[in-house]
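Note that the chains are named A, B, C and D in the order they appear, and that numbering of residues resets to 1 at the start of each chain.
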Amino acid sequence: MSRFLRHRLFWPAVILAALLLLNLVFTDHFFSVEIKDGHLYGSLVDIVRFGAPLILVALGMTLVIATGGIDLSVGSVVAISGALACLRISDLGDQNSTGGVLGAVVLALALSLVLGAWNGFLVAGIGIQPIIATLILMVAGRGLAQLVTDGQIITVNSSPYKLIGGGYWLTLPFGIIIVAAVLALTAFLTRRLALGLLIESVGGNAEASRLAGISARGVLMMVYAFCGLCAGVAGLMISSNVSSADGNNAGLWIELDAILAVVIGGTPLAGGRFSLSGTVLGALIIQTLTTTIYSIGVPPETTLLFKALVVTIVCLLQSPAFREKVFHGRGRPTSARPAAEEKATVTA
Amino acid sequence: MTSTTGPLAGRRTLPRKYIPVLVTAALFMAMFVAGGIRYDGFATGQIILNVFIDNAFLLVVAVGMTFVILTGGIDLSVGSVVALATMISAVLLQHGWPAYAVIALVLAIGAVLGLGMGAIIHYFEIQPFIVTLAGMFLARGLCYTIGTDSISIEDATFTAFAQSRIELGGGMWVSPSVLITAVVVLAAAYVLHYTRLGRNVYATGGSEQSALLMGLPVARTKIAVYTISGFCSALGGLLLSFYMLSGYGLHAVGMELDAIAAVVIGGTLLTGGTGYLLGTVLGVLVLGLIQTIISFEGTLSSWWTKIFIGLLLFAFILLQRLIGARRR
Amino acid sequence: GCGSSDGSGGSGGSGDGKITMGFAQVGAESGWRTANTKSVQESAKEAGVTLKFSDAQQKQENQIKAIRSYIQQKVDVIAFSPVVESGWDTVLKEAKNANIPVILTDRSVDSKDTSLYKTFLGSDFVEEGRKAGKWLVDEYKDGTDTVNVVELQGTTGSAPANDRKAGFQEVVSADPKFKIIASQSGDFTRAKGKEVMEAFLKSNPKIDVLFAHNDDMGLGAIEAIEGAGKVPGKDIKIVTIDAVHDGMQALADGKINYIVECSPLLGTQLMDLAKKVVKGEQVPARVVTEETAFTQEQAKQALPTRKY
Amino acid sequence: MAVPAPILRMNGIGKQFPGVKALDGVDFRLLPGEVHALMGENGAGKSTLIKVLTGVYDIDAGEIELEGRRVAFSSPLAAQQAGISTVYQEVNLCTNLSVAENIFIGREPRRLGRIQWTTMRRRAAEILARLDLYIDVSAPLASYSLAIQQMVAIARAVDVDAKVLILDEPTSSLDAGEVAQLFRVMRRLKDQGIAILFVSHFLDQIYEISDRMTVLRNGKLVGEYLTRELGQVDLIGKMIGRELADLESLEGRPLARQSAPLVEAADLGRAGSVRPFTLTIHEGEVVGLAGLLGSGRTEVARLLFGADHAGSGSVKIGGEPVSLRTPRAAVRRKLAFCSENRRAEGLIPDLTVRENLVLALQAARGWTRPIPRRRQDELADKYIAALNIRPADPDQLIRNLSGGNQQKVLLARWLIMEPRLLILDEPTRGIDVGAKAEIQRLVAELSDGGMAVLFISAELEEVLRLSHKVGVLRDRRLVAELDNDEGLTTDTLTETIASGARS
């Protein structure tokens, strides 16, 4: 039990639960999940469904942050990927042809991968600080997306494409299935295979890792490329959900939300240990927060105050130092290396 | 017996630590010259002064950010605090408050916000990113709560700040804001280089743990830098009010990124401990000059503008990196 | 206005009789805006005006910088769509001192000194909100039951969002049977519009009318409504603003009930005004763009000829 | 003899870390004008006691008195202000600042609040000169080797006006000359009535400098003794709780000259760091490197491993020319390099002992071929037992281990690689006597099994005991290569180092 209480994700989970309960007060049947037209339907489903792109982006971001980097360009990649796919599909003779849509999707994802690798190249190959390296693509990439869409919204009318972000499969929203698959893949690569160890090692101490024979370059390339790919998938999802590509606005500010999700999930921005489940939880908290704001009717002017409040509570509760100082008074052992000693003992 | 001075001493004669900043400065000049060759009416002193005039607020904000980044932290709240400062000024002036009282109050509010965030970051050991992000939401939220419309400032003092010109001779001029900014920059450079606070900032950024064990007042230093950053943001907000003569909740959206970018382009490491204020000044100038080049180019569509900014930034960083890096 | 004796206009190109115009656009934040930009660019080409264009990326300070640089470059006329109403006096004075006439497009500035600009060409956001409200009042003039309205606002704090909301409110609040039961920001985007609408649908069992500040949010909301198993345009009536092509299509398909037009195509009018202003001719202080509103029937007719 | 009143007294000190009781009812006192050695194995709790005393950690139990008054420092700053000056075990300086600043930061000479840089640099140079160190004090500390950093840390501590001076393993990478220099300074301070707490694993040094010692074992107090009354063997017995196996069993190493050359470096050099040198290492041979502080031993090792790019020269491994551009390439050729700077270049502090242990092996296998968990556990258990790593918990974060135990983990990281050439730069830094003997035996065993070793140590005895051949460096130049036969003693070696003569 106490082990459970001390788990790193205990407090974020509590916050999530509290937010959900808060909704119940304002919305009857908030927890009810029914099957409508053979689809799972309900507020909880919505949270996961709308949170899916954020989870994806945040998963990629987690790995980047674990290496001690950051990727600001994900929003632009989201926009580019959606724009390219929709452009290709709108050029198809038959927008409903599965093959054509598949081709467009593959093309968009390939481009996302390349864009991610480009970031990786700047960071690992040339040695530019990640925040600036990815800022370049953040700015230019938004321009590229607008170039692709010509600044307009490209609307498509394709049922196979619609499936990705707005469709259902075996009553489940397809987006959730994609997220589950990507999560499983990431977990497999990092936890079953040894990628996770190498990432954490590079993020923990890059020079020591180099001397231990790790090719930091390779790891970084891979991680940034993966992050690009995740953003690409998220971009497809977002654009498919509304059957249109909006180069101007798709993915705007998603990088901030993604980083926030990662940090709430307990991965330090300085790099090192990371937690995939924490990130998923973090993203769900953010999405639930958004939904809560809509459903309990916080006026748009105060939305941000509400967000500030919740984020503050989350991070205070999560901080061992805060809990100690407030709940136990002073006098418990504190450590020389702040904030890291106890909280990192259990890893997902 | 271990007198190994001889042949080694000569090896590190010229301060190699200044090389990145020098390279940045040289590249900036090169960019200016290139602009002068390409565009008519570009290669004038006033263009550089205009960059200062148009970016005075950003520079002040970036100065505060430099302190924070030097300790290895980050402050995402600056843009919102800037907006909040414009908003509070505008509203209070509208209610007939005297200008200088407003200025003092706004500066105090900024500093207190920074102080609060710094204290939370230090005492509760929470990552700066998340705390200042909450601060960003808070300040922006406060703006909207005050009002969603933009509010004009008609106060005489503010207008005077906004519209007076300080002639430098030869048809060149600067705004009072530039002078304020210059004072801020010089004061900050002095603090960083010649006071204990400044050196503690560098030490904390180099290694917080070591700084602690060396008996440095890490707590005070960390809280101080966020306070400074909050103060600078509020001052930046005032300068922005001078510049725009309006208060608006959507002012300075994303300015935190510009400020961080300016600091980092100036050669300061995001991990803390290395960098110079001069670098930050150059960083702001580079961003400003890119803007100027874009407007002189004048025919770029919206998206080509962005792509072009990206390309210029890329070229700049790449050259900076290739010329500046003679490490291992 | 132009051809001033101190030769300041010389290098700008007015010597060969060609007009140089500096146009400071807000940004490219929406399809509407891009269409606006295109219209200006194309009309400039047709009218033989040399256009210096800059994109401020939604930042007022960038717009001010751009205008400053136009002054520096000694263009013949400056046109811009202000990001916000306030805070233009300083730079406009500089333009005035440099003898460069200024035309405002799309929205006005709140400066007391109206001599700072020659004219203002654009739509009236408040009026658009009112038009939407009037349609609503009209539509329900027979009933007495409460009408539950939900509103999808534009980006919080942005001028169109503020004004459209105000205009709508003004008309609708006159009749107590209209109740705005939920109002959230959808950031003018389809994705957000859909997301917010889904939440509305879950937390409010009975929604009669949706008022969206632009077509895109309305289009997103339509998907949400369909997803909840309701029929947009019937179960929930929808009124939006803008009249972009996709919106008109939905209107013609019966999924939207009414669209208030807000036309981005003011390029031609702008060029005419610019020429007059540069020649020193008198122009009216306020030129309203030709705009209307569409019902479903009108949409079906208008759709085939619609450029945008 | 009348014992003066202790300046510092600690009673019943207890400190609990999650899962480890680091200190348990420890009493300790420090008299003015004495050098007091704190002794104990790796992980006995020495550093923890010091950190508890100086306010780095809160204490769980017990009390501290300074000059008869109860104190509880909330931070190292408070301890410093109360007159306790400390050099902590790992070099805790800011490598991004200049040497002068590292000595003076926090108490810079100022006028009207303005830091006097010139004065500061001048005084820093003077202070270092007193330790016989003549370096450019305006250069960033990072440009100097660990040993020099250690000297700077000492300089900082001894210059403070203090009543109590605490030195936690200050000599772990210093060689004889510097140690002598440090001892001179310590004696002077002691004569001024300053109380000095000294920690070291070099027993010779303890016996040379200390007046009294306190022995800890497993976080518990064993006892306090006058140095002259406790013999070495007894001391070791008290530290490890049993008799130590014969220390000198490695004497008389047979030369392995007839074996094939493994690594041949020809004119390998790098501008500004080492002059081109030629060195051949045979299979099964242990080559020692000797030289003064900053003579270039570490740089030779780094070049051989590809950690730095060589500017000139070539390397052959097994007769085949190779290009060692990265450590990765070197590891692929089955070279291994254990750096002297464990904190900056060795540890991944956030990872567990097990993960740190298998890191190099995993890197060599590539990320697609994870080491099965069972194999990891086997390896971890094996080396935890072999090197006596404590606590014996492979899932403990390595940052929570004591310095000596961290060092053992890093050594194990390379031992499991079964390399052909193992480069050890100060491998026994901070390791206690028992484990040191263990490691030396291991090295000898491995070399007998055919592995070549390049062994760098500030301790000449150790170099001599292990190596077949000793390379001597001076001013970044390999000046001599001496066979380790009967004629070679520490004295002849010191002489060669000093004179730079070629034999």
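Worth pointing out:
We take it that a residue touches a chain if its C-beta (ideal position, glycine included) is under 8 Å from a C-beta of that chain, and two chains touch if they have at least 3 such contacts.
Just so it is clear, the model here is predicted, and its values are computed rather than measured.
For chain pairs A-B and A-D, the one joined by more C-beta pairs in contact is A-B.
Of all the chains, the one whose CA centre sits at the greatest distance from that of chain D is C. One simple way to say how far apart two chains are is to compare their mean CA positions; for chain A and chain B this gives 29 Å.
The distance from the centre of chain A to the centre of chain D, each centre being the mean of the chain's C-alpha atoms, comes to 44 Å.
Between the Cα centres of chain C and chain D there is a gap of 71 Å. Separating the centre of chain A from that of chain C, both taken as means of CA atoms, is a distance of 34 Å.
In chain D, the positions touching at least two other chains are 56. Shared contact sites, meaning residues of chain A that touch two or more other chains, fall at 146, 151, 300-301, 303, 336-337.
In chain C, the residues that touch at least two other chains are 28, 34, 37, 156. Applying the touch criterion to all chain pairs gives A-B, A-C, A-D, B-C, B-D. Of all residues in chain D, only 15-18, 51, 56-58, 60, 305, 307, 326-328, 330-332, 337, 339, 344-351, 355, 359-360, 362-371, 397, 399-400, 413 touch chain A in the complex they form. Touching chain A in their complex are the following residues of chain B: 120, 123-127, 129-131, 133-135, 137-138, 140-142, 144-145, 148, 208-209, 212-213, 257, 260-261, 264-265, 269-271, 301-311, 313-314, 317-318, 321-322, 325. By the touch criterion stated above, chain A contacts chain B in their complex at residues 68, 72, 126-129, 131-133, 135-137, 139-147, 151, 247, 256, 259-260, 263-264, 268-270, 300-308, 311-312, 315-316, 318-322, 325, 336-339. Residues of chain B that touch chain D in their complex: 1-9, 11-12, 15, 17, 193-196, 199-200, 202-203, 205-207, 209-217, 273-274, 328. By the touch rule above, chain C contacts chain A in their complex via residues 28-31, 33-35, 37-38, 153, 156, 182-185, 187-191, 194-196, 198-200, 202-203, 216, 219-220, 223, 227-229, 244, 246.
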